[in-house]
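What follows is a group of structures, each given as structure tokens.
Paired with subunit B in one complex and with subunit C in the other, subunit A is shared by the two complexes that follow.
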Partner chain A sequence: MDILMQISESLQKGDYGNVRELTMEALGKKLSPKAILDNGLIAGMDIVGEKFKNHQIFLPHVLLAAKAMYAGMDILKPLMIEEGIKTIGKVVIGSIKGDLHDIGKNLVGIMLKGAGFEVIDLGNDVPPEKFVETAKAENADAVGMSALLTTTMSGMKDVIDLLKRENLYGKIKVIIGGAPVTNEFAKEIGADAYAYDGINAVETVKGFIKIKQHE
Partner chain B sequence: MNEFLDRIQAGEILIADGAMGTMLFQRGLKPGDCPEALNLSNPEILQEIAGLYLEAGAEIVQTNTFGGSPIKLAGYGLEHRTEDINKNAVFSVRKAVDGKAYISGSCGPCGQILKPYGDIESDQVFYSFKTQINALIEAGVDIICVETMTDLNEATLAIRAAKEILPSLPVMATMTFDPTPAGFYTIMGVDIKQAAEGLEEAGADLIGSNCGNGIENMIKIAREFKNVSNLPITIQSNAGLPKLDGLVPIYTETPEFVADKSRELFELGISVVGGCCGTTPDHIRAIRQTLISMKGIHR
Partner chain C sequence: MNEIMNLSADDATPDRANVFLSQGITSEIKISARIEEIFEQAMKVFLESARPAAIINDVSVPEFGQIYEGEGRNEGRTPVADIYPRAGNVALFAATVGEKVSAMIEGLFRSNDFAEGCMLDSIASEAAERVADSIQNTYSKYLYDKGKVNKSSGILRYSPGYCGWHISGQKKLFAYLKPEKIGITLTDSYLMKPLKSISGAIIAGPREIHKFKNDYPCCEKCDTQSCLERMQSL
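And now, the complex of A and B:
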């Protein structure tokens, strides 16, 4: 079997030890880090995401696959930086000010990284200014915000209002999520998208990047 | 044997209370504040809420300790106050119910994903639950309620912690399920049969479901639990999922609607019926009215 296919299959099984070894082996065979990432790691993660979306597998399986993804990424990342290869995009994520729930946000971060994005996680209880400042300084493609409490949802609108004031609205896309958040709410406050889970968030952010490339 | 369990085993149906968070936010809890910190700063609020649920007809009243495990409290830098936070919660409820209702010590998830999927060790989580539950038991709870669990391993750690400290103390254990095309599963992929078997094996005395996606789904979940388990079942449903009125989220299921639907839960032979997010003393009062109007059917 093709080594990239082996990487993809080991990743799907969540076998991070194997993914690490195979990634080294592939580098030894003079395969480019970019090819290993795209056709091995990301290819495997895409299948995991698809299965999760179809309810064929559950979250624990996805988390193990993501760990395997990291095992490969840890080896490839320094090489990619050396060669000046860019990640597919940069996303700033965090939980809204006053919200200390972070499992959902962490999952989105894991999935985005798993899909090959660069993720800057601001953590919990993030003030609106911090989201906007960081996104601006890092030249991020998107900001992802999570709220788990209905009472903290209005903080999301503050971030969008700030982006408008800074003339960044539309340039830096906004994606929101969390248990009480809905599509309706996203429209109401002017967010670019709502994602109902981590895999959906990855698809949505990929969609943003595609649109950006066409512009 | 414990008197609470005797009554349940004899076929009696008991009403539990409704939401805590919803009531706390109405009373000035600010977003981002630690709900359990109120146990130290404003215990009178908890006494008031317990009193309102008692007056509405709840026979089981919960403590404000859902996030009272040291791992969870550490998010607010309050882990060193674990003992006081949990004990005060019990004392506040006791002042209100004064022996007229059972005091149920709430234990929610630790907020982190356990190994191998996440980063926290089972041992740490077990110790965290044990620390919390020890304080609840020392303060004199009648029941431990392990709730809103999605990871079966985490739920069993909490149950085992309680049973290790005081085997005779009744433990209710409930998990939160979502509807999928393949049936009901927790986000961690646990189905109802696995949950029922795992919770029973760990030593839970009552098992079931709380939170979730509204009472109509909860009736289906309750039916599945009945089909796969002989243990008494407890059901505490949200008042639906919140919908938005402008920017204000509101729970859509009225006390009348929930009370009407709860008839089906009673007919299924569910032993403990209460409410979760979005339910109020009015919901509990209405559920109780339904039960009173049906009495004689089951006893």
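And now, the complex of A and C:
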């Protein structure tokens, strides 16, 4: 079996030890880090995402695969930086000011990294200015915000208002999520999208990047 | 009633099916050996690190009215505002599984053990509910023993941040209850630390007082509608 296929399959099984070894073996065979990433690791995560969407596997399986993805990425990342290979996009994420709940946000970050994005995680209780300053300084493609409480949701609109004032609205896309957040709420506050889980967030941000490339 | 309860981690052990359900795994799904192993490992960590505790303090109905008023930020019409004036007994409570569990969850995520961290998070969330159940049961027993409630009574708990009770209501609740005694503190944004903590009021009275039509303004924004299930449980 092709080594990239083996990496993909090991990743799908969440066999992080094997993914690490196979990634090193692939590099030894002079495969480029980008090829290993795209056709081994990301290809595997794409299949994991599809299976999750189709209810063939569940959250723990996805997270095991993500750990395997990270095992491979840890080897490839320094080489990719050395070769100046860019990630497919950059996303700033955080839980909105007042909110200390970060499990959902963490899962979205894991999935985005697993899909090949660079993720800047600002943590929880993040003020609106921090989201916008970081997104601007890092030239991010998107900002992802999470809230677990109805009372902190309003802070998401503050970020969007600030992006508008900074003339960044539309240039930096906004994706929101969290237990009380809905598609209607996203539309109401002017967010570009609502994501109901990590896999959905990955698809949505990939959509943003495609649109940006065609602009 | 004014009591602090220190429970064992075993007392707070959550229902296995509920933990898996919160991971999107329903009871019909066959769980693989590896996922079972992750659950068992996370449960072991929970039992070693959880320090469940709860505090309860009963208040008069008029006193609760003042506490419920909070910082004056509740929605105009709320279920609790309609329920408590008809109640016979009210107690404030706070429950936690302790800080160490949260630290363990963070540690697992930091070491890329996402599945284990997420499982422990689900266990801890469910366990916090079990601790709150435990204090509610203690209060129910106390009321029964005192002859203050009977078989036609209904006892349910309500929390700031839900059903139109603004989260800032935590400030007065904390000032009265003093959950700091069991290690729960409040942040500037009215969230509790440790994160896996629950606070609120246990309201006892005729069963009917807890039954309402979910057409309050807060119901429009609520996508769980868990009140319906709670009402059914009475």
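Note that the second predicted complex is superposed on the first by the 215 of 215 C-alpha atoms of A that agree within 3 Å, B and C clash if a C-alpha of one lies under 4 Å from a C-alpha of the other, contacts with A are read in each partner's own complex, and residues count from 1 in each chain.
In this text, contacts are C-beta pairs under 8 Å (C-beta built on N, C-alpha and C of every residue); 3 or more make two chains touch, one makes a residue touch a chain.
Since the model is a prediction, treat every value here as computed from it, not as a measurement.
Participant: Sharing subunit A, do subunit B and subunit C clash or fit in the superposition?
Facilitator: clash
Participant: Does the superposition put A:K157 against subunit B (first), subunit C (second), both, or neither?
Facilitator: First partner only, subunit B.
Participant: Should A:F58 be classified as contacting the first partner (subunit B), the second (subunit C), both, or neither?
Facilitator: Both: A:F58 reaches subunit B and subunit C.
Participant: According to the stated criteria, A:Y70 is in contact with first (subunit B), second (subunit C), both, or neither; which is it?
Facilitator: second
Participant: Is A:N183 in contact with subunit B, with subunit C, with both, or with neither (first, second, both, neither)?
Facilitator: Neither subunit B nor subunit C is touched by A:N183.
Participant: Contact-wise, after the overlay, does A:D125 reach subunit B, subunit C, both or neither (first, second, both, neither)?
Facilitator: both
Participant: Going by the contact definition given at the top, which residues of subunit A touch subunit B in one complex and subunit C in the other?
Facilitator: Of subunit A, residues 58-61, 63-64, 97-101, 103, 106, 125, 149-152, 180, 182 contact subunit B in one complex and subunit C in the other.
Participant: Taking the touch rule as given, give the residues of subunit A at its contact with subunit C in the complex, in rising order.
Facilitator: Listed in rising order, the residues are 14, 58-61, 63-64, 66-67, 70-71, 97-101, 103, 106-107, 110, 125, 149-152, 179-180, 182.
Participant: Once bound in the complex, which stretches of subunit C touch subunit A?
Facilitator: Residues in contact with subunit A: 23-25, 29, 32, 34-35, 38, 105, 109, 112-115, 118-119, 121, 161, 166-168, 187, 189-191, 193, 195, 218, 221-224.
Participant: Give every residue of subunit B touching subunit A within the complex, in rising order.
Facilitator: Residues 25, 30-34, 75-76, 111-113, 116-118, 180-182, 185, 187-189, 242-244, 246-247, 249 of subunit B touch subunit A in their complex.
Participant: Report the residues of subunit A in contact with subunit B in the complex, numbered from low to high.
Facilitator: 55, 57-61, 63-64, 97-103, 106, 124-125, 149-155, 157, 180, 182, 184-185, 188-189
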